[in-house]
Amino acid sequence: MKNQKRIEDYGHRIGNLERGVRNSITDVEGVLVGHVTLNDGPVKTGVTAIIPSTGNLFKEKLICASHVINGFGKSVGMMQIDELGTLETPIVLTNTLSVGTGIDGILDYMLPENPEIGTSTGTVNSVVCECNDGFLNDIRGRHVERGHVLEALSLAGADFMEGAIGAGTGMSCYQLKGGIGTASRIVKIEDSVFTLGALVLSNFGRTKDFTLNGDPIGLRIHREMEMKEVPKEILDERDKGSIIVILATDMPLSSRQLKRVAKRSVNGIARTGSFTGNGSGEVVIAFSTANRISHFEKRASVEISILNENVIDGAFMAVTEAVEEAVLNSMVCADVTEGREGNRRNSLKEYL
Amino acid sequence: MKNQKRIEDYGHRIGNLERGVRNSITDVEGVLVGHVTLNDGPVKTGVTAIIPSTGNLFKEKLICASHVINGFGKSVGMMQIDELGTLETPIVLTNTLSVGTGIDGILDYMLPENPEIGTSTGTVNSVVCECNDGFLNDIRGRHVERGHVLEALSLAGADFMEGAIGAGTGMSCYQLKGGIGTASRIVKIEDSVFTLGALVLSNFGRTKDFTLNGDPIGLRIHREMEMKEVPKEILDERDKGSIIVILATDMPLSSRQLKRVAKRSVNGIARTGSFTGNGSGEVVIAFSTANRISHFEKRASVEISILNENVIDGAFMAVTEAVEEAVLNSMVCADVTEGREGNRRNSLKEYL
Amino acid sequence: MKNQKRIEDYGHRIGNLERGVRNSITDVEGVLVGHVTLNDGPVKTGVTAIIPSTGNLFKEKLICASHVINGFGKSVGMMQIDELGTLETPIVLTNTLSVGTGIDGILDYMLPENPEIGTSTGTVNSVVCECNDGFLNDIRGRHVERGHVLEALSLAGADFMEGAIGAGTGMSCYQLKGGIGTASRIVKIEDSVFTLGALVLSNFGRTKDFTLNGDPIGLRIHREMEMKEVPKEILDERDKGSIIVILATDMPLSSRQLKRVAKRSVNGIARTGSFTGNGSGEVVIAFSTANRISHFEKRASVEISILNENVIDGAFMAVTEAVEEAVLNSMVCADVTEGREGNRRNSLKEYL
Amino acid sequence: MKNQKRIEDYGHRIGNLERGVRNSITDVEGVLVGHVTLNDGPVKTGVTAIIPSTGNLFKEKLICASHVINGFGKSVGMMQIDELGTLETPIVLTNTLSVGTGIDGILDYMLPENPEIGTSTGTVNSVVCECNDGFLNDIRGRHVERGHVLEALSLAGADFMEGAIGAGTGMSCYQLKGGIGTASRIVKIEDSVFTLGALVLSNFGRTKDFTLNGDPIGLRIHREMEMKEVPKEILDERDKGSIIVILATDMPLSSRQLKRVAKRSVNGIARTGSFTGNGSGEVVIAFSTANRISHFEKRASVEISILNENVIDGAFMAVTEAVEEAVLNSMVCADVTEGREGNRRNSLKEYL
């Protein structure tokens, strides 16, 4: 966004459903996204923070689910999401070796606002997802600091940059430059109009597998790279990546239903050509803003809204399309980047 | 029940919570249980049917969850329960080699009542759980017929027999006679009073591990058996059993919450001395009668009641106690049984 | 096969890897496939049996895994596969309401060969997978009989028909005729050459989503159907289908590795356009013929071969490609079929 | 150990199997345990590090599995363990709000030894498990530092303290003092002799549920506490705890088999009286030292040893007994502790 040229500006219309106003995860009311970018020579990394809703998330939790497409990754927080079906913090994206810092940064954000945590009530479940940006970034340098998490949260807004920005600064997708991408879809059921948005941190795949809206363009790009004498060990490198998918919706979905929606993300990823490589940690977090679960609930039971399962296909189509487009936006919005030891990723833009 | 002498009639009070009126799964309003017993020489088997609620289950489903403690078993129907979180048929218990017949029997019951199945709507998910009664029963003879399923369903009532009856006719528990047992607990939360009931089909364990309300009575029984010259290959036999646990409640639990409750069944089983043997297929099905999910729902979304998770410990205690007591009832209500090839199981009664 | 015109005969080369000799699951040494077809007016159903290897499967089991893509289905046998990681029977495919019959047919096959089952050893885990062929088939009539399972097993061979045959007789795929399809890929790792084969029973999807090797041909077919005045309630019907994927390989994969391979099937399905509809039960069974696990093993431990995980991407690519091509073969080999109440499925052939 | 009086020194013999020499997880060859204790007024916390084997763990990994009994917890690293079946770092135990620090401490330990991480190969999966010691400890103060992790690793040995030490410094069990406990069992299969050891970080349960070797001693202790006027809000507090179970063995178990073994831990916990409370995050990590998986493996496939599944019951009994005894040791080795705001936990010793 922010006037970046996105995949549909190149004439590629992904899928059939209507988009939200911004074609972004922030089309879901209350969702905000903020970045801190660390871009200095071999330092190519950062933090992207997703604030899933307004209000005190710990006291008024959202219903949530996670899904692991491929567990070769180090993201944290999914175990409790699966057990309790709730999300109680913002979600932080960063590089693999900064997950510990990500947790600590979330605690720095949550503890002051919630003096009951660790004293009169339990603790808090931080959600940090990661990809390995070590190809471009000096990941061993562990340049992300706790303050960067707070800063990303403070900068969060509805209009945000995509591509080589925030946690996406050093990421690679299909051996081109990847990073942050987003898209959204409108789902109409009976008289109701819902929004589902996806945000991805893309960092997976081999060029030769890349498919753009059905066109196996990756084979051509691969051949071009061979001719330009990109080193063979770069072209043949194994997938050591990951993709993180964050899904937001205002549909009233239970945690079981959100998990079903989350599972459909793989269809969107597959449409871009992926076969889900061994080394690619792929994790989905999906939350709904339609119900709030009170931390200090006193009543024996509460009423929640859930979607009629008979009409859930609308959500399944929306997630498939939005994830496919978000991956493409993460690529096409990213500029060519040269990182540590002269490692370089071209931009998809150059080939369109 | 039906004037059988149960474990508490022997002075053993299991746990601390209040019992339901019958101390039975049928204390949950609407739950009915029926048996067909096949007991003729080496034929020691049968069918037990659980009707989980009144009304047309296919059209108005119950919320449900399953949990696999140990998957060395052949029970069917859990995959769809896990995916959709609903139960749409009665539950049938029988021997391992009669699961196919069990499915067919449920179809014989469901299809006439629901002409839409397989024509204008989808199919139906039969739930059949099993244990291997081959020690006492000529299981290879496959003596259960489809008609027995219909008969068990037609005989279902709130007052039913425990022990060597129905599907329990040929089952063994801790190398003593096992079979059908039940118990229930009352859970009080704020001003609400709920019931949780358990029914087990017990068919697992070694005598020497058996613990009665904390007392390792199994070691003594084992020694007695050795003195009575029970053949060593019988005493040393490996666990080739199973236990099926059916949980019913009127608490408004979501499928995620029911799964959490189902997982606590293992605590009740462990209290009777089990270490969950390799060969023992152990499966739990848990359903709530508090919400109905309409098969032909037209609205975009529906409201359901769910329990305040902060107070779910009451359900966890109830299931732990009810399952422990149900296992003990399944044993103490069962008479000594001699089956195929002179194989014999003593009754726990003899040792109390 | 058997001289049927397959997708590559239409000039569509799916993926990049080399094919096996038959481009079939039976390229994996020892795998055989047999059909019984019931095709008589509104009876459009049958049985397809997969014999996974030579020898006594119960006594010398194969390593196996299952994966549930979408659990809205009634397939059986996966629980034990997941627990023990072994396959001990042939796999039977049939219609949803014939799963019970399928189990019984497998027992008819296994018990005579294995007199120890149910007497001196445990029971046996039948694997039956299903799709709902009720659109074309009088599924409520339950026309499959136990004898059909034995017959399909006795007819199993390395060369078999695809399309509207066996269990595929009444199946629909993308609202065209579907059914049985197969394909295989060669995986070369260091000096080793392995084969991976897929067989699908396809019965899912909406025409407008169908994608043929990247070409969204389904949209055109859908428009053509609209012009030909196919009734709107047919065109707009919800997915009530399923897809079953059987994977065979001679790679030495552990059950954990097989599960990872099985999970990649969804990529192949997604490439044909699917968003994994709510009503589509999607199940994968994957087995390796490289190790045998002895039922009556006496040693404390045994040696097994497992693949070097660093090079497992070859298997992941192979399964993605083979499943995509198997789905396409299931469609293009199937003739137009008219079934119960005049319901009709066109063949993909007509549109190529 | 180290001359502490343990539960068997009080005359309680738990279970029937033979113990290892130290009755400790360190009876498994190569396993070492080290503590750093932070005990200063309201600071009651620390770090316990488990080194699972000799050699470079990243280059020569162990086969591993995890199991979540109750996912209300923040432990990290299990996703990758489940996907790849391997362990490549030491395991660190600490308090809930120090998990991020735990990850960073493991990285401090792993990166210098492995210059390939993040440069020429992928990253590394840190395993950090936690319980909430906030009742006694000023957990919000986040007193654990990265250096403490390195220190605990450097102090690791075969003989180590149990009770209120290391990560156990501030933990509570059954509302008495809990913490670190260990035990081991010998498993004899044919001519082979194996060891299985358990280490727990105990922090769960209510006094009134506590059972010591079948004796419901907790009810008596609870009554005594009532008479001593322990405040009602303390006695009635909800479970906000956790238990971490680490299992080590030299049995040649596959990751699937290790998961089955890990699942039996709950039996040992249940024998101490637990019903697995809502707020108690319960996680098991199980590893085998019998096979090593090479990070830089070049061969297409490798041979591994796996246990004959027919005789796995020995491992299941061993884990049940060892976990029960480890919990009891964690309690009886712990001294009375007074922590933040005068909060106090008595020692089980006082009641024996």
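Residue numbering begins at 1 within each chain, and the chains themselves are lettered A, B, C and D in the order written.
Methods note: a contact is a pair of C-beta atoms (placed from the backbone, for glycine too) under 8 Å apart; a residue touches a chain by one contact, two chains touch by 3 or more.
Model, not experiment: these values are computed from the prediction.
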- Message: Farthest chain from chain A, going by mean C-alpha coordinates, please.
- Response: B
- Note on the structure: Contact-pair count is greater, between B-D and A-D, for A-D
- Note on the structure: Expressed in whole Å, how far the mean CA point of chain B lies from that of chain D is 33
- Where chain B touches two or more other chains at once, the residues are 70, 83-84, 260, 309-310
- Message: Residue numbers of chain B touching chain C in their complex, please.
- Response: 68, 70-80, 82-84, 96-97, 99-104, 107, 111, 117-119, 121-123, 125-126, 132, 134, 139-140, 142, 240, 279, 281, 283
- Contact set on chain C toward chain D in their complex: 83-85, 189-192, 251-252, 254-256, 260, 293, 297-311
- Item | Complex contact set, residues of chain B against chain D | 16, 69-70, 208, 211, 214-216, 238-239, 260, 263-264, 266-267, 270-271, 274-278, 309-310, 312-313, 316-317, 319-320
